[in-house]
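Next up, some structures in structure tokens.
First chain A sits with chain B, and in the next complex the same chain sits with chain C.
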Partner chain A sequence: MTTNSRSLPPPARSSSGWALFIERHPVLVFTSPATVVVFILMVFPVFYTVYMSLHSWFASSVTAPEFIGLANFKRAFTQDERFRNAVWLTLYFTVLATAMQVVLGVALALLLNRPFRGKGFFRSIFLLPMVATPVAIALVWMMMYNPTLGVMNYLVGLVGLGPFKWVSDVRLVIPALAVVDTWEWTPLITLITLAGLATLPLEPYESALIDGATPAQMFWRITLPLLRPTIMVALLFRSIDCLKTFDIIYVMTAGGPGFASETLNVYTFQVGLFYFHIGYACSLLVILFALVLGVSLVLIKVRRGSW
Partner chain B sequence: MKICKAVVALGLLAGLLLASTAQAQQFNWQQFKGTQLRVLLNKHPWQAAIEPHLKDFETLTGIKLITEVYPEDQFRAKVLVELTSGASSIDVFMTMPAQEGLKYMRADWYQPVDEFLKDPSLTAPDYNWNDFLDKTREAMVIEGKLIGPPVQVENVSLMYRKDVFQKYGVKVPTTLDEMEAAAKALNGKPMTDDGQPGFGIVNRGKRAAATSMFAGMLYAMGGSWLTPDREPAINSEEAIKAIDMWGRLLRLYGPPGSENNHWYEASSIFSQGKAAMYTDANSLWPVIEDAQKSKVIGKVGYALFPRGPKGQYGSTVAVWGLGMPKTAKNQKAAWLFMQWATNKDQVFKVQTEKGVLGCRDAVWKDPKGKAKVPADLAESLAQGSKVGTPFWNPPVVAVAEVRDAVGAAIVTSIQGGDVKAAANKAAADMKRIMAETEKK
Partner chain C sequence: MHGRRRPGEGLGTYLLLILILLPFLFPLGWMFLSSFKTQVENTAYPPVWVFTPTLQNYREVFIKNPFFQFTLNSMIVAAGSTGLALILGLPGAYAVARFKQSGIALAILTARMAPGISYLIPWFILFTKLKLIDTYTALILTHLIVALPLVLWVMIGFFEDVPGEMIEAARIDGCSNFSAFLRVALPLVKPGIVATAILSFIFSWNNFLFSLIIAGFKTRTLPIAVYNFLSYEEINWGGLTAAATIITLPVLILSLFIQKHIVRGLTLGALKG
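For the complex of A and B:
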């Protein structure tokens, strides 16, 4: 104890340099741990990815990264068929999945917003898919989609359709995956829309009633326009998520059959972590980043009504 | 007969002489006493079987072992990262030469062991390298250099329902044509007790996963991945026939949705009794004969992969082996470990105790050595590993990428697309990938 106490610094006086500095710049000092963490874990990797995207590096100790300027991007846009296929599939999946989710999600929210018995119970039930683990969901859906043993073919058989090959069919695989995503994430849109519905003012409805408007007119003319900002937020969240969906696609098809469900994220994962073309994978990530940013900016503009 | 006897007598004499010289210069297992070896193992049946015996090695040699075991994905990543850093302290690691061999060799990460094997002061006289099944030895040689001994082997082989073939009077196929005929004849026939129709054949169809089994058909057809001067040969006439047949069998006589089947899916269809034939690694036999899950226990025959139109063998010889990095500090001691782990006694132990599919002919010839596995499996494995091909993977640096390129053509074939165009595209992709990753 004695040796220990000897090595302790003398009690700080408010006149010492450090203490003075802390007193004068509390914001700078107290946020610094968070700033450092954010910088190391988020800002640095983003810039390093951009930096690496300008290099050619086939990972191994014998070949060092080689600066090649924009050649990776040129290759992606002009020579790489798998990249073009991946971009198209990413957009296809995103549009399909978000469209289904928004329509179903808003409809569900309107339904759940009416007063009825057991409302709380049904609300909770409808929100359950969102809390399940995506990988587990994917595995369960994979069984349901099984062409010979799965329940999906039985269900469509009841209405005289099928049998389909679902995720093994080049044309059906993206819609089939979008259905899984929709099943899981529609509740999120419902949740956000319900919150939006709760904040709607009553006055417009009252005056509409007095003017003799029908329920349909009230929905199209009042509810939907007022809900627009809320729906746009939900749409923004979901489209960003859909653009970078990885888990369910990788678990269910790993991009297959062939490359028929290889979205940009799945392709990048393959290029970086299986083929070890680190530089090229980084440039694909930069492109994905730009894509997500672009879509977000457009949606934000739409939301503000400036378009 | 007299000549025979004379030869035997001579052999005995020579043997006695050899034995006496060997006794005179008793092999010194203790020469590196006090050193330490860091051994990285993949979680694998062989690792599980050898681990209880490692203390015997420490007693025999006085060398201390520090072993680390990781599940396969983490194991591969760990080895790769350590070797990439150039400052690895690994002395021995498990390696799959057809998967990472060329990449590691070109990066100069392997320490070849040819010199150690030849050196009588480092290799025990009874090690008998030539006892290893021919192609398992070949599989451990990369660009002319031996990287270590093999510890486990598996082949793509034909697994078939003995009961179904007998019931419908179909001959067990030994050629590709017979296999197609059998698939056709048996497709749709009831194969389970509930009388539900089964499939003629089930195989992997998932992009990259399918290629390692498709390799059997490629070589049986007389094709290969590359020409002798390392040009892609996946669009040769033979290769196109092989791609076409792999897809055709699954399209016409296989389960729908084969395009997404890895071995988990394919083996489960087979072990549920829903298919008459299945060509995959014979190391899957514990899955097929799993007492808890399988419905076909004791009903499955194991045979060589059917032979091609000109009698070519399609058995692939896939080995796990031991390797040492160039950076290993105790290379000679590491060689002692490799040698001990694969000498006849140890191979016999892991094979008889845990049913590990070992690589030594003498052990497979021993009735006790094959007691743990089905008799026809033991026979076909020993034969296949002598005559098959070690190239179950394309012999390139960027294995995963090339497998995806070839796998895409296989998927096209399953779906009934233009096989020739797909093969040409796969060849063009292979050429580009090789040019990018094998810069000299």
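For the complex of A and C:
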């Protein structure tokens, strides 16, 4: 901290007052540009959202926001059928998508955890789904999911399944969207797990071999427990992002058919930026934020290794 | 080439690799192929796999739409937000790494957890009042919400790799705090800065939600252009996939240069892949 600047001789060239100020308060000078901008850009909107969640306001310049206390929250939890549907769909989508990509991602990592040439090339290809533009991904999957002409029905038809209506089917829309998210993010889990596997110690495996353990036993008793911290962090990162998924769902279904894929984020978008019911949208955001923050706190705990 | 064959490196491994890669490559490959097909070939069932490629779709996309303008808009916003994020974020990341200010970083991470719309609504109201909707300024500022935490978090990792002794040595030689940062630390993390800049550029280029609300006709970015294209050209798959290819290809190429750092960027520095 500041002990550094105190123990060192004063720099020869720091003659002006500004240079002296930087010498005395390096932390303040270096961090304040970022801190101030983050505060204005990010912290202020969060407070604004909490403030507005206690008001009723339709983004009109004629009528001012009216303070209504917790009425927005009461309305959401007791009267709003669409909100309850959105909460359920958000959780359904998050659990389904995260479970699919974590199981698949870890399984692929275990399969790939062997030496082969061209690892860099493999990684480059594997990264493409997660960097590709979400709007383009959504568009391609919409085309592939087309009920009459799409290539997905052709492919599942080859193994005797379908035809399905995919995102046009009320019951299939969330699983179909979860498949897109899984396609996009499984490589991330695989790469994280591979990095985790590379750091595992060899000794437990050696002693297990001597004790005559089967490969299955070694996986369940050694590999999985050792990988647990890595998998936990990956899982929490993905669940936080899944709770907030917007682009893919909005472009592919806009919450439809009906409200069958209207997650909390999509519903809030409609309430706030389509109906301009700002106050109510802000209270929905507070609820979503509470949900995400709860998961984030667990994540930070895991990252510090205290859990 | 000369060495012995390592165990596991047989035909089976490469077959396995191809089997695993195929489903992940297929949608992007299908997009690419479809953009070179005619409308008849694109609506054929069962799907056509062999065909004579045509550039007609690309020609149409550029003739019917101001796609050059959209590309330019995307570039201005991505470069603007990335540049600003670097100027603001680099000194901050340096200070966090060198003076162990993890409290600041944690606060930024928490703010990053809020859903994007909770930033969008206040800024939308404010920008409407200031008549800044549909300006580069507003777009760059909203994209900074993503770019600045990204730069801070990824760069903290790179600055932590700079040996403290080098900074100490420069300080003893009479370097001020500022010139130690500018002349010693910055050159050492140059590869990190390039990787972070590319990551931040990609994030801004791909951004949909903020641009959807803040951009108007004058500043429309590529994702919004493609989205609008979708609503009135639902069945013109050739044109749609051509537009999707135009928007995705630069990102895919850029990502190849920084493949080692993408996982770090996507998990905000929490994990290396």
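Descriptive notes on the structure:
The working rule: the second predicted complex is superposed on the first by the 262 of 307 C-alpha atoms of A that agree within 3 Å, B and C clash if a C-alpha of one lies under 4 Å from a C-alpha of the other, contacts with A are read in each partner's own complex, and residues count from 1 in each chain.
One rule holds for everything that comes next: contacts are C-beta pairs under 8 Å (C-beta built on N, C-alpha and C of every residue); 3 or more make two chains touch, one makes a residue touch a chain.
A quick note: this is a predicted structure, and the numbers were derived from the prediction, not measured.
Set side by side, chain B and chain C differ in how many residues of chain A they touch, and the one touching more is C. Applying the stated contact rule after C-alpha superposition, one finds that A:58 touches chain B and leaves chain C untouched. Of the two partner chains, chain C is the only one touched by A:19; chain B is not. In the superposed model, A:78 makes contact with neither chain B nor chain C. Residue contacts after overlaying the shared chain place A:120 against chain C, while chain B stays out of touching range. Of the two partner chains, chain B and chain C are each touched by A:148.
In the superposition on chain A, A:270 makes contact with chain B only, not with chain C. Contacts of A:258 after superposition: chain B is touched, whereas chain C is not reached. Judged by the document's definition of touching, chain A residues 59, 148 lie at the interface with chain B and also at the interface with chain C.
Looking at the complex, you find that chain A touches chain B at residues 58-63, 146-148, 163, 165-168, 170, 253-259, 270, 274-277. On the chain C side of its complex with chain A, the touching residues are 6-9, 13-14, 16-17, 20-21, 23-25, 27-28, 30-31, 34, 43-47, 87-89, 91-96, 99-101, 104, 106-125, 141, 144-145, 148-149, 152, 171-172, 174-178, 181, 202, 205-206, 208-209, 213, 222-223, 226-227, 230, 237, 240-241, 244-245, 247-248, 251-252, 255-256, 259, 262-263, 266-267, 270-273. In the complex of the two chains, the chain B residues touching chain A come out as 83-86, 103, 106-109, 205-207, 255-260, 274, 398, 400-401, 404, 407-408, 411-412, 414-415, 436-437, 439.
Contact residues on chain A toward chain C in their complex (touch as defined above): 1, 4-5, 8-9, 11-14, 19, 22-23, 26-27, 29-31, 33-35, 37-38, 41-46, 48-49, 52, 59, 108, 111-112, 114-117, 120, 122-137, 139-144, 148-149, 151, 154, 183, 186-188, 191-192, 194-195, 230, 233-234, 237, 240, 244, 246-247, 250-251, 265, 268-269, 272-273, 278, 281-282, 285, 288-289, 292-293, 296, 300, 303.
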